[in-house]
């Protein structure tokens, strides 16, 4: 589904990713862990096509297409979804208008007509319930004045509505209390299926107690330095990252 | 003063009621004694008057067939009063006047009403307020006087529509609205300015006075929908007595020349005003808003938000002044002006001004000129929304925040409709051309 | 705090306000072409410069005094102003410091500006301008070793005519405005600086201006040229004696930053501000402007505490791509002082950037206005400006104004302007007093904090001086 090979990327002239390779197959859940500054978040942004993130070498294909040739919105329409670590506030644009525009863009891609407003509202309300978000939030500006937890749940709501093929969760667990964490986990687990995959970027092992990964990778110095199953996450929890960084060095 | 307004002024003098004649004469001598400002006049630094014609005819009876002339007459659920070319149009006026509201045209005023009008006319717009006010004063053939009785609460809006029609020659219209809100009354007034499609220029000079007695609340909306050759130089003054509240909203689509001066005068303590506005010129249009918030007494608050999107070769001017007089302590006054330029040939000139003569006050202003936020665009696109649509959504959101302040729901929906159509139709305004 | 206390407190003394008893040759008051010829002859100027002056004078005669600033003062009678004054003992010009009149040296000592090189603050070269002429320039030898030219402009006309002729009036044209035209016609002296390509000036350069003679105007002219890739930091200070009548100071400063050069220009302006009743003081009508070429940077920092009326807008024309302009200002007015000051940032090149930080402090019955222009021209693609204007009011009889003009004609340019106003709050004072500080010390601390962003831009030696100056200027503005 996603094949990343020897990816090099820089931000503002600073090299962040230095030869990262990763293969994700349908149905798999990958966790990417690593110390601060290792390039975890950069990977998500590069795959999503954030302006200012420059790929200097390597390749990334998604569902057989060269991801790096595509515009941000084309990647999204193919089914790549990035749950932002810091979702953007957009005052004046209502959450509902935003969600409907996004859903319609997917439908258009599939050659379908825009969803009718009634059906959309019904879906949106149901999914609000699933992520424990008051439907009143649909009428507010996108993320405007939302708390940290509400923003994360709004990201999850978008993922539920858009039903992507690949969900990349960029530190979605950071700043969440245990209840909110369980809401996120429930949402992701409900979406797990044989033709959908997830990449979870996280700093802590805690999230993995709720969403069980198939693979755990450790990112350090812009490359994946160790891969394993979920026991690797437990080892990291116990020993920290320093020993790995030493090994790499 | 050159006599380019001689014909309309003569016509007004002939048509005005007898009890206004001396008012007109005095104003006409003020007008004739003044000269047209140039770019060297600070108040007109960014707005030239070269679009004005060398002479104007008096406005004649208006157009018929408003729909063909591109004029919409929406209903906002209350009383509607329509003027075409400054003349009352019974055909399109309808609805029932609510209890506790009296409304009279200057031309129809009986002796008692005439006296009330004379008592209050010019109470907010001083005679020193420049030559176009003198021109308006000198042309008071007709006008509207609205009085909300004390303690009356009017739920439905009063909707006054001013339409400039079309004529063979360039012509001028002067319009006047005087609203008197008695003690502790509450009301909403919508002023809509529309122009018929016309080859010839119309020049409208609309002056509005809003007088809010102690504890009165007024929601006032001044909606300029004139486009193309419909020029407008207008003025709106509000005078707020103790504990009065004014919610004032402005919208201007562009035209060849549009200059609106808005003054809110806090004269009684604990008065509060909220002033919001939008301007959306495109093509080679020009819109100029000059606002002035006067704080004369202590303990008043004011907030002001104006936003503009300027496309094509259009020009926008915003001058927002906050003036805190000596001893107006404990004033809280805020102003924000934000602009989006969406074309390499568009231009904006903004000047937020503070003039402060009291120390225990909280005043701030901010102004920005920028493009749409790149990160917001990216966020929308990362959800599959195209760049063009994302730009439209963000530009719409930029103005929508201000439309949200409109308290009258039917009007708010109407304005959203106008803006949605405009944004959908016109890629230039959303910046998708950049 | 009570009005009584405030009044009691507004009684500052101007420490630089003594008059030096120095004999001088002063031209009778009045201005005509003969006066200009006289000045030019005194300075043995070449013919082209006399013509240049006369042309400015003729233009000036058709110009009107600007009336747009937010300041009020009676009309200035230029026929009562002497346009040239020179200490007698300077007639033939000192060859070295040893030849400088000891009374003059003593006066500068009194001002805290030692002209004896051995007593100098390490690393600061000083040019001292007394009334109309430059009296001493220190450290010239050391600067010459680096190829830096630092001398009176009257001398540069003779020693480096090609540079003066090439750049004089290119930044501030002769007929730019009323006061600039007047200055161009009658300028007496001032400093000239040239930093050669790639040279980092080895020390701070500094000029001290002093008006001593009564009824004289001072019209100095400064020209600084930083050649490609060079760096220079320059500081000017100003003082004048206490006199009952107003005196005119109309200076012009031109900065040229060629490709990749950096000029930092700092001013501590402490002209006599007039007495507590508003009598006397300097009219400070100054035109300062710099042109920034590609990749260059011009930074203006000013601390304005003096003068009865200040009219001053140090500006940057950001002509070259990627050039940077900065304006950091503290303007303090007390008693009846009036200031209308700010900057213009004219963005012409691509990716040009400017920052404006203005701190206005009004006390007594003074009036303090920020006036600024940020212009994004159609070609200024990617340009950015950030402006922050804060006003602090001390007492309820003063005034603070903000007049920012923003003109944008490029959709990719970003302009952000913010302004706030505040007072020294009773709570702040109470806290400080409860901790044992007296009100004056407390206010001075709060004001210093308010100005910190600007002070940190000053060269180290002068940041301390500026803080002290502020303290003196504020003396007694609160009780």
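Note that the chains take the letters A, B and C in the order they are written out, and that residue 1 is the start of every chain.
FYI, a residue touches a chain if its C-beta (ideal position, glycine included) is under 8 Å from a C-beta of that chain, and two chains touch if they have at least 3 such contacts.
Computed from a predicted structure; not experimentally measured.
Q: Report which interface contains more C-beta contacts, comparing B-C against A-B.
A: B-C
Q: Sort the other chains by how far their Cα centres are from that of chain A and give me the top one.
A: Result for max centroid distance from chain A is chain C.
Q: With chain centres defined as C-alpha means, what is the inter-centre distance between chain A and chain C in Å?
A: A distance of 56 Å separates the two centres.
Q: Could you tell me the distance, in whole angstrom, between the mean C-alpha positions of chain B and chain C?
A: Using C-alpha averages as centres, the distance is 44 Å.
Q: How far is the middle of chain A from the middle of chain B, if each middle is the mean of its Cα atoms, in Å?
A: That pair's centroid distance is 48 Å.
Q: Any chance you could list the residues of chain A touching two or more other chains?
A: none
Q: Quick check on the complex: what are the chain B residues that touch chain A?
A: By the definition above, chain B touches chain A via 373-376, 378-387, 389-390, 393-394, 396-401, 404.
Q: Which positions of chain A touch chain B when the two form their complex?
A: 48-51, 71-73, 75-77, 81-82, 84, 87-88, 90-93, 97-98, 101-102, 105-106, 109, 141-142, 158, 162
Q: So in the complex, the part of chain C that touches chain B is made up of which residues?
A: Listed in rising order, the residues of chain C that touch chain B are 68, 376, 378, 391, 393-423.
Q: Looking at the complex, which residues from chain B come into contact with chain C?
A: Listed in rising order, the residues of chain B that touch chain C are 42, 326-327, 329, 339, 341-371, 431, 434.
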